[in-house]
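Shared between the two complexes below is chain A, which has chain B as its partner in the first and chain C in the second.
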Partner chain A sequence: MLRLPQFQVATPTTLAEAVDLLQRNSPGARLISGGTDILPNLKHFLDQPGLLVSLARVAELRRIDRDDRAGRLVLGAGLTLAEIAQHPDVRAYFPSLAKSAGLVAAPTIRNMATLGGNINLDTRCRYVNQTELWRGGIGGGCLKSEGQVCHVVPTGRRCVAAMSSDNVPVLISLGATIHLHGPAGQRALPLADYFHADGLRHTHAAPGEITAAISVPLPTSPRRCDYIKWSVRQSIDFPLVSVALRFDLDADRSDAAITDVSVVAGVLGAKPREVNKLDELVVGRSFADPSVAQIVSEAAYSQCKPLPNVPYDPAYRREMIRVLTRRAIAAMV
Partner chain B sequence: MSQSSAILLSLTLNGEPVQVAAPAHWTLLEVLRYKLDLIGSKQGCDKGDCGACTVQIDGLPALACLTLAALADGRSVTTVEALGCGPVVHPLLDAFDRHDAAQCGFCTPGILMAAESLLRRSARPVTRHEAASALAGNLCRCTGYTKILDAVVDASERLRAEHDDGR
Partner chain C sequence: MAADTPTQSPEPASAAEAERPDLTRETWQIGKVHRKVDAMERMRGVARYTDDLKLPGLLHAKILRSPHAHAKIRRIDASAALALPGVFAVVTGQDFKIPYGVIPWTPDENALAVHKVCHVGDGVAAVAAIDEDTANAALRAIVVDYEPLRAFFDPEEALATRDREHTINPYARKGNLSKHVLLEFGDVDAQIAGAELVVEGEYFFEGTTHGAIEPHCALAQVEPNGVLTVWSATQVSHYLHRELAKVLELPPHRIRVIQPPIGGAFGGKSEPFDLEFCVAKLAIKTGRPVKLLYTREEVFYSHRGRHPMKMKYRTGFTADGKITGVDARTILDGGAYSSFGLVTTYYSGQLLCAPYRFPAYRFDSTRAYTNKPACGPKRGHGSVQPRFALEIQLDKAAVALGIDPIELRRRNDIGADVATVNEFRVGSNGFQECLSRVESASGWRARRPTLPFGQGLGVAGSTYISGTNYPIYPNDMPQAAVQICLDRSGRARVFSGANDIGQGSNTMLAVIVSEELGVPLEDVRVLSADTDLCPVDLGAYSSRITLMVGNACLEAAQRLRRRVCRSVAQRWQIPANRVVLAGRMALDREDPARNVSSAQAFQWAEADHGLLGEVGSYNTPKDRHGDYRGGTIGASPAYSFTAHLAEVDVDTETGVVHVKKIWIAHDCGRALSRKIVEGQIEGSTYMGFGEALMEEHLIDPAHRGVHAGPSFLDYRMPTFLDTPELHAMIVEAPDKNGPYGAKEAGEGPLHSSIPAIANAIYDAVGVRLDRIPFSPPRVLAALRERAQLEEQGLVPAHKPDRRPRSAR
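For the complex of A and B:
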């Protein structure tokens, strides 16, 4: 049995109240939504917050709105991943998101897990997502727990634990915006700019800032998109390789010309990786041109460098990025 | 809004209103097992990996080891004990018996709760694939799953046949 550290629980019903509770009790207060990430981490004694502020009763986080005039789908941070995977608008407009949400963990966890929690999922590492006893067994913790070194990059001074959310790469590939509520008011920024490369603090959320919603622009042209997740058990387990793909086309045929492209990989370091220079390489080409799969998968391979922070050999995982990207594009044509 | 270190919970548990006091940092699983003596829900991994603690919250399968008791307040919780209390043997229990779908039995309560939710929400007999998908979060180290899936599909066919007979 794994005991939780002692804390109190607050159950506000509005976002304003939640922001206020976090601020009045900071530091030492943390948010809990579905609890499927924070509770295992607390059971591993990776933190000991005095207060958990639950977002479960904040009704305004549970909205899903399609705004056709603004051309956006707005997803409340409190929606469960099961709800997102099944929602007709998500399935119709963003099939890669329906897929990634439906591939998280297992159905029971998807009934509990929320979008906001998935965006803010703590970074993961084989040396940190372990019991205190286990960490003691390898001679003590690391920068992200109770130690002073990094076991993945012993010469480094930064934690490189992996951004392991299934939905984040997909949402970035779809051009999503994150909407934040905090003590200083509301702000919105591209989801791609929300993350940075520090496993100890991998988001740019200001203290007390809450993810209220994610909005995604509705497609304005024909599109092919997909999400690749490689994991060992294919159920319950986190991705060990993940790649989100989006190609916008000038007509709804597979031999149409590519007008825009986005490829985003996860599970590398603490920050999702947008594969760059693809515009110059493939925009204008026919999507049916077999060289597209070749060019994109080689670019992903050369720019994505997995680390030994999660299970499986990094060289093997890197090879899988190339192979699975090539196959996924070929299958979309 | 509530904020306290020992909390008083009011829930509907297996159809009955229940009030129970517990420390604020306890999980629903701990309250079920160590306050209410409902030990059908198993404490396996205690961190979301195995599904042995699966209960239903408002009719949907959920992991009791990752649910704070404080957040179950006001909700309807169903545990495996509810399946054993009807006037007739529940078709799922009967099918698990006939198919020898339990060996050590540790995973069985969680599997029954995930399967019951699936069968109740399905308007037709479930396929083997649907059963397997619904049970993807439930680990069994004994059976190899074959007999569990046989039993769930069989139970769903019988439930639908009874339903169509208007019984």
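For the complex of A and C:
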């Protein structure tokens, strides 16, 4: 069995205390919540933090509040993915989120893994998520581990490890906001703006900042939404490409006009990709218009270019974006 | 599972029912459903696997592994490691200069590399330390000076190189040729030339590995009396015992090998591995117990899984579908060491000559050394790959000749009590019934002609051995032996060298003893796989245990039964054949009200005969094989037969193959314990399904020969959600060589699951998948290729009248 590096564990009970612990011990302190992402990475010696700050006892992270006046659902970052997938409000208002949370890995992992952890899931790559022996075998790692080269884009200077969270594309498609607590206080920003295209540091979280909650605006109009995950197996696997879809309609009928649209793809590079220019292409059209599925899937196909950073042929994965997007839209009509 | 069939499984008998023997039945335990003897400790999580064993003063060992696929070792400097506090000893190849190999003719590996490493992951040095972290720190402190050599990842490229410098295996005598076998039976060229149809095909079977959940683990201790005890997760205690004695230069009587409960093996633990030698040597050096548990990555690099095989087949047929001749050329990618490779090379041809009659046959198989982890035996050793090729060849012939694929197979059935073209004697044969069972259960005749484009049914058949006639090292002693003792409390103790690897062999022994001596299963204690306490058995491989160890056990049990019955008969003054032992009693068959407890019966017998102990042994019949060089390899006392019928749904836009159902009929001679047989049928079929659709043991030549993904995340085996509905049906054609007629069930039902799926894909969408796995990108590419040919008018549309309107 692989061994973990040695570290200390702190178990604060408040967010403020956790922020303080991170700040006082940085660099060298990392957060741990469910541990399903960081522990395997530590077993691969991708990092050797001296201190893990556990969020397990921070009760305020485990709240879920529906605020009808503000029109939003606030999900604590410490909720498990199993809780998200099963929560009645999530299922009622955001079925695509219930679906994506329920498709992460396998039941035992969803019972441990948290929403905050999944949003901050480290980027993944077939050249990174390997043991030290393996990384030594390919000649000493890569940009994201101990090496100096990228094996995905050999001429590249920037890491293109893949954003592999199931929930991030869905939450962006739903217009979610991320709430951060840090040494400089609290701030909130659109989740869409939280990520950037560098696999080494793919979020805009400042040092010492902790994801406290995600708020998602409650739908104000009838809506059709879905999440597509392509992976080889129906359980355990990370997505090899993923697409989140949201269509707001002017009436609760499938032939109603589209008033707003969002399509977000994952597992391309380090950043989720919002398919753009869709407003001009489909807003105003009837959702039942068969050309909608065609237009949206072609737009997703032409704008999303998977890389050989995760297993399976990128051209095939790209094709799946087109086919599965078209089918998902057709199935919602 | 087989709820709609006449062999519906009875529910497990309650304890009370088991006490009430049905005297009208010929047997009271054989063929029933039993709880495995170790089920409760497994299910409750209290079974003590090797890694659960802890001894006072225990040290932990780790092995330093090569990052190079091929390199000379110039120097190893372990001084910094030895200087670390808590490090007790370091060993290298210099401590293990005697080579070993499970096949005595090909000892071509060392416990640790002596002068060179031959694949990424080859062991270089091992340390023993106070804990695992210290051992890992010590590995980091060892300095190895390598001189990298050109590495070969393609078997044909490796074979083309004959110079010493590029010879991979340090003990190889013929460059990178590991083994070549060419055997010809009859005039193949004339038979194929005279055929009315010749089907030619090229097939590639990607390597796959076992994926047992328990990683290899071994623990060694030198006892105060000087005996070296090695506990190991092995399926071949006896061969491990022999090789330990050889490499460590210790007399065998000073070594004891114990196999604790094992968490899966599937052929992946059927030879000695570096860790067993390392813990033994380190225990001797340090005087303390030493344990080593592989990481999952180490399991992948130790491998010994299924060989990648590149196969070229030419098969001749008459117009009515009869095979006229089979001509096969096969390249086996062996990896860096021989392992069982000599046998695999023979098996790749020798095991193909049933269930169909071949009037003429030639196979030409070449195994190459490459700079990859060594391949070896995996469930269905050697014959899963050629079976894949042959069964697709038959399907292609059926299509070309317009004959129903099941009918074509019936016409070629070799039948019972015959000799194959390679001179193996086949006894009982239930293949025809297997075909009929899957045909009717699946609704083949009515459904196949009507399933729409995209959906299909495919069939395939196969055979497998129930043990090999000749042991791995030549000797005239029995292949299996069992010792049984009865005691005055009414219990039976069974001592057997056989390795229970989850296949249920301990339960099988308990069932036989229970059947013969009338005591229920829970009163039978089976002690197995301890070389100090048990008679020698050769181990769990080649599906040999039920037939061989079962026969040995039956012999001992029947000897005891006769003594007990005589003693009871004497006291009741009736003939001995009126005494029945069943239901924890001895009864008078003609007056069942006259009975005594088993304990009383055993006491009477003990008073008459002294302590009740008997041995039984089994050796194979020597008239089953061919009279030519290699003619013994693959010959078996009895052969099982299987038919698979798969139903698939192929998504023509994504290439995803959804295997909905597989019907499996397997002739196991006689099911001694019904649920275990069904479990083996389902487990085998599942394993084949995984190899067909997802599994790939790939070494990446573009990245210096590392494994493409040595973890269970990247080596994808199907989950519950991916697995089709499996309908297992037991067919019983009892064989006179098996105990109660029993033959094997653990490996045969894997073979034809793979080609059945390939043939179903063809039926569904008209594309041939001649290489595994049938991954979505590969299926999609094949579909597009066919569509293009159809558009160009080069091939007719497949199922043109059964397509949805839009797609026509």
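General remarks:
Just so we're on the same page, the second predicted complex is superposed on the first by the 333 of 333 C-alpha atoms of A that agree within 3 Å, B and C clash if a C-alpha of one lies under 4 Å from a C-alpha of the other, contacts with A are read in each partner's own complex, and residues count from 1 in each chain.
By definition in this document, contacts are C-beta pairs under 8 Å (C-beta built on N, C-alpha and C of every residue); 3 or more make two chains touch, one makes a residue touch a chain.
All values derive from a computational prediction rather than experimental measurement.
In the superposition on chain A, A:Glu17 makes contact with chain B only, not with chain C.
In the superposition on chain A, A:Asp193 contacts neither chain B nor chain C.
Of the two partner chains, chain C is the only one touched by A:Arg126; chain B is not.
By the touch criterion defined above, A:Met1 lies against chain B and chain C together after alignment on the C-alpha atoms of chain A. When both complexes are overlaid on chain A, the residue A:Ser235 reaches chain B and chain C alike. Contacts of A:Val9 after superposition on the shared chain: chain B is touched, whereas chain C is not. In the superposed pair of complexes, A:Leu39 makes contact with chain B only, with no contact to chain C. Legend: residue contacts after superposition of the two complexes on their common chain; A:Asn111 is shown touching chain B, with no touch to chain C. Touch criterion not met for A:Glu146: it reaches neither chain B nor chain C. Looking at chain A, you'll find residues 1-2, 6, 106, 235-236 touch chain B in one structure and chain C in the other.
Per the touch definition, chain C reaches chain A in the complex via residues 65, 67-68, 120-121, 132-133, 136, 215, 293, 295-297, 653-655, 694, 703-711, 713-714, 716, 718-722, 775-777, 780. The part of chain A that touches chain C in the complex is made up of residues 1-3, 6, 106, 126, 129-131, 133-134, 136-139, 151, 232-238, 311-313, 316, 319-320, 323-324, 327.
For chain A in complex with chain B, the touching residues are 1-2, 4-13, 17, 32, 34-36, 39-40, 43-44, 51-52, 54, 56, 105-109, 111-112, 235-236. The part of chain B that touches chain A in the complex is made up of residues 1-5, 7, 23-27, 43, 46-49, 51, 54, 60-63, 65-68, 70-71, 73, 114, 133-134, 136-139.
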